[in-house]
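Labels for the chains are A, B, C and D, by order of writing; each one numbers its residues from 1.
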């Protein structure tokens, strides 16, 4: 047995990412994005077979926060709908399963968060083992620093390479109208800055972002009716690694490698890859794990270093690759999403245009 | 309250504190480890491959199989990785700048996450500084400090 | 049949449910359910392709997206681990998402777990801590649902004591379910009636408890299910249909007494399962009834009774273990309520009935069973139909 | 007497044999013998958020501070939502037109509360009410006072009782409670779909 249906991304919309969308609540923030994705292909909610979203109560500071956000969809009469407490990329995975299972031919997926109300690096410490890690309140930046240190100590990266990744990403973001950080100081200037959390400098760390994204999926002919060149999902898989930071090789992401293999990255050349590497050194871990290099363009959108709306940033990677396939700029691309600290959980999708 | 302007509408905002004194049942493995900390002793547990996992988990960090053989490990160890916390946040063990670190205690094969008071480098030897009042929490270890 | 490939439940594992499970850690609670489900299926963690978990708000245990912390505990290292959250319906939704992993042809055997460890905090806080500028909920949780129950009583002219009959039935059923949280052998009609009135018409004994607990199911594709059944000698519970429906909490035209999403969800799942007369064709129902009066309300909404006549079924004894449509033989949510698990317990108990595995609360000859869950402001619905026959 | 009450078999079933339980670990001697081993810990967590209600709720709250109840209109169906959340949940489109509503309405649904929560709860028992304001499509929550509980009925007319003008803030708590109006009841059927 194997999934048999051709399923494609046919529309993608994202917010103009901001440090703090204080003037809107989550519903008001995500509504234009959801309807932007529908409007782009002239779709109505009645055309959608299944809807799935990804968000987090801890970021919202409110239990059941996703319940309110359903108001942005237009779910009356009732719809077939689900929600994951994960990045929207996993909501897309659930929607892809539903279509493969024959329960729907089309799906609307969205993921979003407002990180601005809380102290994000501290909020994210609540994701940790509640007995041994949580009571120490380790913030997400210092945790990422442990991984960067392990890479530096092992000679797998240099601080200059890390600055180079930051520079390349944020310069690329100049071409991304939705990016939060566009442009970068020169590399030598970056390296002259003080550490934020040694060995990480400010440029190694993603911005804190309010924002979200939405994607429409469709199967077979339905996809072709909506767009000339659908971005077909040729493979998609996700895996998780151990949470035990002291028992794990922090310099590698075996779950990303495995997900990449299962998604079939190696079956052909990769024109473009959008990697959900919030910290600079994590891009190196991922390109190694996924076997990317050479002619592959990495994070032409600027990636999460240019805008990192938690719960949406992974879904955005799928959308950015799909857009480049839909507009003919690329023919085969890889999209990656991560969840948890230090690249613990990873999703990889391979997208292709019609030959 | 109405401190910003957006499209002519003043924005309301208010502070929201979400707090709770969570109760956590420990089960026998975590319970034994925390009991040990209260008594100034550190326990690990033997994994399926014979390696000693510290802090101990009820299950193997790779296979998930149940683990049962608790063993005592040392209170000194080696730093395997670290990062510098320049601006400590609420709840962190130290209120002045310090290192977040992974420390492999002598006799253990995996590293524990905790903090080191003072500057540190990978490979440095450190020892536990016990909290004066211990109640069976990971914070019964006040911090680690370098062995000169 | 529901999806492209057949799926069956081949293993069910439950923890003992209690107000405080003081003997296990959070991970240990889930592992108790998981290992029992695997043992029931004659499988090990190595045989599992993917793990799908669900629970209600993360604030309950104070762990954000806890699936990351639980990866090793669930044997998920190197595997897909997926987390669902659809409010109170989540246990049901999670089982359905787990089924999708096999229906789609992606996996062959998956483990799905629903849980809540409510003793970490308290329900009133975790579900609804006050937000600035918003009205304080002076009426409490039941105060939200009680007006709609009263409206149901008004529309249907139901006698005042139908809720008492439901509570008494479910608590007596729980005596036959050793896993149930509440075991009250001395309960009587009068003791329920005399229990403290909380939100008139809801009395204390007509409300669900707050529980710690987890349930795990092993789902398998057709070949794997038959292989497992050959080994265990217990028939698989074949999934004949799955459905989920949602509607907004506050919409003009919405009927909170019998939400359209509820009726649509039932119609969809019956259509997949080839059920045209639910009262005749369904042998046993596990229905999400956190307040007693929701039994007659859902009986109508799910098509087992005519509009405004659900209470007559309850009153006649039709929903008792000895009746023609036993409802909540396990004791239901009224006897056990770890919120994130409650929906999956309904789905799992339905599977146990058609596998002839329900012990002292087994209904003889049960062949077709319905599992049902709902959540939010009675706006999220999940259902499945399972049967002993292959669809 | 209901049939369930005649059920005389009150024995509690026993757990099945052979169920998996976590194996007990072996604990080294110095710890194994310690009195009062740790079994449950208390771990406080406190998180600070800066809460912003959003554009439409802000408009509504600012209106309340002026003793105005401002609903917002569904741009397609014309239904007026109060309190507004900025969206018509039926069509998923923003509401933009504000509509001032009177503080008179009809009791759409209620229950009698015998256990109150929070410092603002009135003495029990009290009536927790859903009030459909005249011209609105959805009901608001409140407490109904100044009437014997047994006389409360669906469809009865009610009005808001506000705090003193000097105490008005950007809060729904500006409406202290609701009380009966001396007007004929509306038919209950007209309230269905709007509670």
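We take it that a residue touches a chain if its C-beta (ideal position, glycine included) is under 8 Å from a C-beta of that chain, and two chains touch if they have at least 3 such contacts.
Being a predicted model, the structure only gives us computed values, none of them experimental.
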Chain D and chain B - chains in contact with each: A, C
Chain pair showing more contacts of the two, A-D and A-B: A-B
Where chain B and chain C are represented by their mean Cα positions, the distance between them in whole Å: 37
Averaged-CA centre spacing for the pair chain B and chain A, given as whole angstrom: 29
Averaged-CA centre spacing for the pair chain C and chain A, given as whole angstrom: 33
Of all residues in chain A, the ones touching two or more other chains: 22-23, 61, 68, 70-71, 75-76, 117, 119, 122-123, 126, 130-131, 134-135, 242, 244
Multi-partner residues of chain B (at least 2 other chains): 6-7, 9, 11-16, 18, 20, 22-30, 34, 57-58, 61-62, 66, 90-91, 137
Touching two or more other chains - residue numbers and ranges from chain D: 22, 39-41, 43, 45, 47-53, 55, 57, 61, 85, 89-90, 170
Residue ranges of chain C touching chain A (in the complex, touch as defined): 2-5, 25-26, 57-59, 61-72, 76-87, 93, 97, 100-101, 103-106, 108, 126-129, 131, 221, 242-251, 253-254, 259-261, 264-265, 376-377, 379-380
In the complex, chain D residues that touch chain B: 22-28, 30-32, 34, 37-53, 55, 57-59, 61-62, 170
Parts of chain D lying in touch with chain C, wherever the complex brings them together: 1-5, 7, 9-16, 19-22, 39-40, 43, 45, 51, 53, 57, 61, 74, 77, 79, 81, 85, 89-90, 109-118, 120-122, 125, 128-130, 137-138, 141, 143, 154, 170-173, 188, 192-195
Contact footprint of chain D on chain C as seen in their complex: 13, 16, 22-24, 28, 31-32, 35-36, 39, 62, 124, 130-140, 143, 146-151, 154, 161, 165, 168-169, 172, 175-179, 183, 185-186, 188-189, 196-202, 248-256, 315, 317, 320, 322, 359-361
Chain A residues within the chain C interface of the complex: 1-4, 51, 56-58, 62-64, 66-68, 70-71, 75-86, 90, 93-94, 96-98, 100-103, 123-124, 126-131, 134, 237-244, 254-255, 258, 339-341, 344-345
